[in-house]
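Both of the next two complexes hold chain A, though its partner changes from chain B to chain C.
Right after this comes the complex of A and B.
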């Protein structure tokens, strides 16, 4: 009976979704194109960045990104606060955890040692080229956090605890958030909050970008590369801290 | 009108995504279900890439297929692997 109801609801919902999908605008033709056209026409000149998406995310719509960053900060702070003082009370569970405190097999460790540097380099590339190619601070930080998670999971909890400090990751996350806010406040000196003060100024990352299709100069983008780097540090430290705190629960039984 | 190969890729990806989601629900082994969800995230990131959103595809691949899988796997390690009937 209950199963029948669930299946009926599923198919009604599916039919509704298919109907709505048919009602969508044609692909690539949004209803209000004027603003899109403005971004496409002026992003290279005003923000001096080839990647229009990043220039919208960190410059035109920077305030939205600030909210997004706050959401991630709150999520990480909440997870770490809940898990950091968590201890297993059950004697049997503690015994099981002490048994778990060992490295993974040689195969896993060798593969992770080979793969992790490549993943970390790729993440760094995404962060540094955020204003030229697809990606940016969030994406690159997440890729680097994946590499850190790989390194963490391959080794024994007691060994990981000696190698990576949770407080260091938390400090790095706060530093990234503060740096991002600092770059936002830098715009306040010339015009408004999140104004791109460094673009076209001749400072580091302040070169003019050629209009139209070009090869891409790394030394452009104004505040975008700085924001990418700060957000990247923040995201990799935050996501790394979640995995680390969760993994070090295995160490929790031994301390008491 | 949209071209046929474009629509075909959408349909194949959509069917595969529904299939992997159904597998994730059906499996009793939670670790295998988590891997099925990772496959779902990978297909979703491919879909984002086809829809010309490489930024979102990158974030989805790194977070959905990489980190969420790791966090779920760690959570399963501290609880139990098999789903029990209540």
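Right after this comes the complex of A and C.
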């Protein structure tokens, strides 16, 4: 009975969704693209960034990104807060914890030691070139967090605790958030919140970008590269903290 | 009755609709918390895919000027949906971790991941 009702509701909802999908504009022909055309035409002179997507994320719609960064901050803080009080009560689990405190096999450790520096370098490249090539602070930070996760999983909990501390990651995340806000407030000196004050000013990252298709100049972008770096620090610290807390939990709870 | 040309052309939107339906079914009808988290993830992927497909322009290039091909001038896909999706992916990862952390805590308290068990306030 319940199963039948569920399947009926599923198919009704599916039919509604498919009907709505067919009512939309034809795929590949968006009806109104004035706003996006403005971004495409003006991003190079106004924000001096080759990557239009990054110029929208950190300049035109910077306020929206601030909200997203807050959601990330809250989610990470919530995860750490929910899992930090986890403790095992029975003796058997503690015995298991001691048994589990060892590295993974030599193969895993060797490969992760070779791969991790490469992944970290690649993540740094994505963060620093966020205003020129696909990528930016969010993606680069996630890539670096993957490298950190590899290092964490391959090593024993006692060793991981000596390498990375949760407090350090939390401090780094706060630093990233404050830096991002600081760069946003920098725009207040010239015009408005999130105004790109450094673009075309001759300061570091302040060169003019050549209009049209070009080979890319790293020294452009104004506040964009700074924001990319701060958001990168924030994302890698946040995701790293999540992986660390979950790993220590999986390896038998976290003692104070 | 059904215009098959539009069905073929709007196939990416249809995929979004199917993913959405599967996700909503999983969230509302399943009783295991891990499966509910998976359902939320499916809905999230559907939304991301929807935003990206909304901004697609037939035969256009990525909105990046660095070493783009000559044909990309004045022929780029809409950048705003991409900017929205880009942040949403990383946020989704962190929110998934939060949901799993809550599931872990519920399992510790009740010894079960069934939503019917975890419905009373305790302690």
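As a working rule, the second predicted complex is superposed on the first by the 242 of 256 C-alpha atoms of A that agree within 3 Å, B and C clash if a C-alpha of one lies under 4 Å from a C-alpha of the other, contacts with A are read in each partner's own complex, and residues count from 1 in each chain.
Keep this in mind: contacts are C-beta pairs under 8 Å (C-beta built on N, C-alpha and C of every residue); 3 or more make two chains touch, one makes a residue touch a chain.
None of the values given here were measured: they were computed from a predicted structure.
> Touching A:26, do we find chain B (first), chain C (second), both, or neither?
In the superposition, A:26 contacts both chain B and chain C.
> Go through the superposed model and pick first if A:247 touches only chain B, second if only chain C, both, or neither.
Touch status of A:247: first partner only.
> As a test of reading the superposition: which chain, chain B or chain C, is in touch with more residues of chain A?
C
> Counting only touches as set out at the top, which of chain B and chain C does A:68 meet: first, second, both, neither?
So A:68 only meets chain C here.
> One more residue to check, A:228. First (chain B), second (chain C), both or neither?
A:228 sits against neither chain B nor chain C.
> Considering only touches as defined above, state whether A:220 meets chain B (first), chain C (second), both or neither.
neither
> Which holds for A:146: it touches chain B only (first), chain C only (second), both, or neither?
It touches chain B, and chain C stays clear.
> So, does A:126 touch the first partner chain B, the second partner chain C, both, or neither?
A:126 sits against chain B, while chain C stays out of touch.
> Under the contact definition given at the top, report the residues of chain A touching chain B in one complex and chain C in the other.
Overlap of chain B and chain C footprints on chain A: residues 26-28, 53-54, 134, 136, 138-139, 142, 239, 242, 246, 249.
> Once bound in the complex, which stretches of chain A touch chain C?
That would be residues 6, 9-10, 13-14, 17-18, 20-22, 24, 26-30, 33, 35-36, 39-40, 44, 50-54, 56-57, 61, 64-65, 68, 71-72, 75-76, 78-79, 82-83, 86, 132-134, 136, 138-139, 141-142, 212-216, 235, 238-239, 242, 245-246, 249 of chain A.
> If you look only at chain A, which of its residues touch chain B in the complex?
Against chain B, chain A makes touches at 26-28, 53-54, 100, 126, 134-136, 138-139, 142-143, 145-146, 149, 153, 239, 242-243, 246-247, 249-250.
> Which stretch or stretches of chain B touch chain A in the complex?
By the definition above, chain B touches chain A via 2, 6, 51-52, 54-55, 58-59, 62-63, 66-67, 70-71, 73-75, 77-78.
> Under the touch definition given earlier, write down the residues of chain C that touch chain A in their complex.
2-3, 6-7, 9-14, 16-18, 20-21, 24-25, 28-29, 53-59, 62-68, 70, 72-74, 76, 78-80, 82-84, 86-91, 93-95, 97-98, 100-102, 104-105, 108
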